[in-house]
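Both of the next two complexes hold chain A, though its partner changes from chain B to chain C.
Now for the complex of A and B:
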């Protein structure tokens, strides 16, 4: 399982920077929103957590399609399935590698963007921590949707349509946690709700992703 | 009851009687309910005549949620037991469910325009109903885009189940995000004020009517699917001859 994760990471490193597209999108989104809202830092600082969450969600929505689809097209998925590896382990390792490759770079950039918006340090910390806790849930939903649509070629828009409703609670609690950090720290009730949501998503998501992959492999 | 109906032949026999019964009940109840709601029941003290929108709005919202529960349950049955009838049922519920969701949103918006002085407010219930609409559209588009129907049925079942687990979470989170404007459950919550009988009669009539209308549509739709499947099977039988095996016995 770890080997599979490492393989994904190695492959991504050789892909001449395709894994950085998400970060690039994040930065472009930020610049555009600053231009659209006017460069007033008092406005930007209050909207900061929401803008960062939006940027991360959109960036993730655009990245989901890659991970599983490539493996399905070049036959890796079938080989792994034939090698008697449980599909849930495959799903878990895929989630781990996706988190490291797609989410982690975004998280590294967010503090700088937060600074750019003129947010205070506790606000930046809160947003970052909320993202660390909330992104696994977002990732699970997106991976589930892309596993469902794996056999359908041009699945970008449908993937977004399927993913967005599931992401709404995470976003609501995530934003609440981003604001709640200043008041209650990491043990604020909003963080507990977010963590619960995330754990629930991961726990239910891994078997769901495995089931979707199995459907793809058995009916193709 | 469900296992009894799981056989397509028995379902067809049931549908033969049930569909007209539901149709007649729907027409009678909706007609009588409309008459009650529009002419007999009084205007409400504060809302005036706009209260009459409730007789369409509330039943549609109930049916929209019921339809999704049916989709989720039939998705589960189809995923676990791979039963065709469950697929037909889930698919049949989707379009009427979407229509009722839309109806609930539109009537709610019209009612809001008179009472809240705004067509749309980002209030918890309205938002979660909009999300329900998105989930319906997602479910239907899976059926629409996947050519392999066996795969589509399993994926649609999965999506329906995941959606069903998430719907309450979405609802609570959105309610919690903003719980100001929309009226809380009036009829079912304990200790709620409840509705006077003059309002309750048309509401219940319309609810029964809408439920029968929904059942009628669903049964007709499932029957169409069964007949289509039979036709396909017949066409297949006509084209490829069964292989004949002769066993020679030597004594």
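Now for the complex of A and C:
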């Protein structure tokens, strides 16, 4: 399982920076919002957490498709299945590599963007922690949707339509947690709700992704 | 490498695509040291049958049983599959590609031997993306070999491959059969001159009824 994660990371490192598209998108989105909203620091600082969450969600939506479809198209998926690796281990490994390749770079730039928006330190910390806890859920939804849609050639739009409704609750609780940090720290109720959501998504998501992959293998 | 007794039984399998029946009531039984050669015109369902035999697809009706050393097993435990899609990553080197699959089977020490067998020694560091189609097929054959599974399912192994590559395939097959493995393959290439090949010719269901 770790071998697969490491190989996915190696593949991404050789894709001449394709894995950085998400970060680039995040930065462009931020710059554009600053221009659109006017450089009023008080406005930007209040809207900061919401803008960062929006940017992360959009950036993830753009990145989901790559993870599984390539392996399905070049036959890697069926070989992995026949290598006797359980499909749930495959799903877990894909989630891990996607988190490292797609989510982690976004988290790394988030504090700088928050600083750029003129957000206070506790606000930045709150948003970052909420993202750390909430992004696994977002990632699971997107990966599940892309596993369901593997067999379709151009599935980008469908993927977004399927994923967005699932992402909304996470985003609501995530924003709540980003704001709640200043008052109650990581043990604020909003953080507990967010963590619960993420744990539930990962717990149910791994077998669900495995089932979707199995269906794809049997019908292709 | 020698294998325990391996058996695959397909009985009464039918496959349809939409409302068209591709394979109707197909039965096949394969055991250790068998080499089954599927023949038939394009679109007659060879690939569908091979995917079923490999456990990658399920027939609409019919029973499939697999045993290894007398015990009932699942497809991934005994099957290695070589299909049209070769699972080769162009941005990884020949060695990196192969060692990944060898590690998954827990046999990374077999990589050098596999490369020697398929004639890719000396190209370990070359990116798979710069190989020719025939060389990629050789790499795919090496991937099949490093899995060390008793049942090989091969779909057109000789596609894009030259004469010496054809000899490589014949050698791999002969060695696998001699070691107690079993092979089901579909190919339009001329079969090697050797005894013990079981030919199975598929006909389209409509044709069979005439």
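One rule holds for everything that comes next: the second predicted complex is superposed on the first by the 220 of 220 C-alpha atoms of A that agree within 3 Å, B and C clash if a C-alpha of one lies under 4 Å from a C-alpha of the other, contacts with A are read in each partner's own complex, and residues count from 1 in each chain.
The definition used in the following text is that a contact is a pair of C-beta atoms (placed from the backbone, for glycine too) under 8 Å apart; a residue touches a chain by one contact, two chains touch by 3 or more.
These numbers were taken from a predicted model, which means no experiment stands behind them.
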{"item": "First, second, both or neither for A:197, with chain B first and chain C second", "value": "first"}
{"item": "Partner chain in contact with A:179 - chain B first, chain C second, else both or neither", "value": "neither"}
{"item": "Which of chain B and chain C A:10 touches, first, second, both or neither", "value": "second"}
{"item": "Contact residues of chain A, present in both the chain B and the chain C interface", "value": "219-220"}
{"item": "Residue ranges of chain A touching chain C (in the complex, touch as defined)", "value": "3-4, 7, 10-11, 14-15, 73-76, 78-85, 217-220"}
{"item": "Sites on chain B touched by chain A in the complex", "value": "79, 131, 134-135, 137-138, 141-142, 145-146, 148, 150-151, 154-155, 158-159, 161-163, 165-166, 169-170, 172-174, 176-177"}
{"item": "Of all residues in chain C, those that touch chain A in their complex", "value": "54-58, 75-77, 79-81, 83-89, 91-92, 96, 100-101, 103-105, 143, 147, 149"}
{"item": "Interfacial residue positions of chain A with respect to chain B in the complex", "value": "144, 148-149, 151-152, 158, 161-162, 164-166, 168-169, 172-173, 176, 197, 200, 204, 208, 211-212, 215-216, 219-220"}
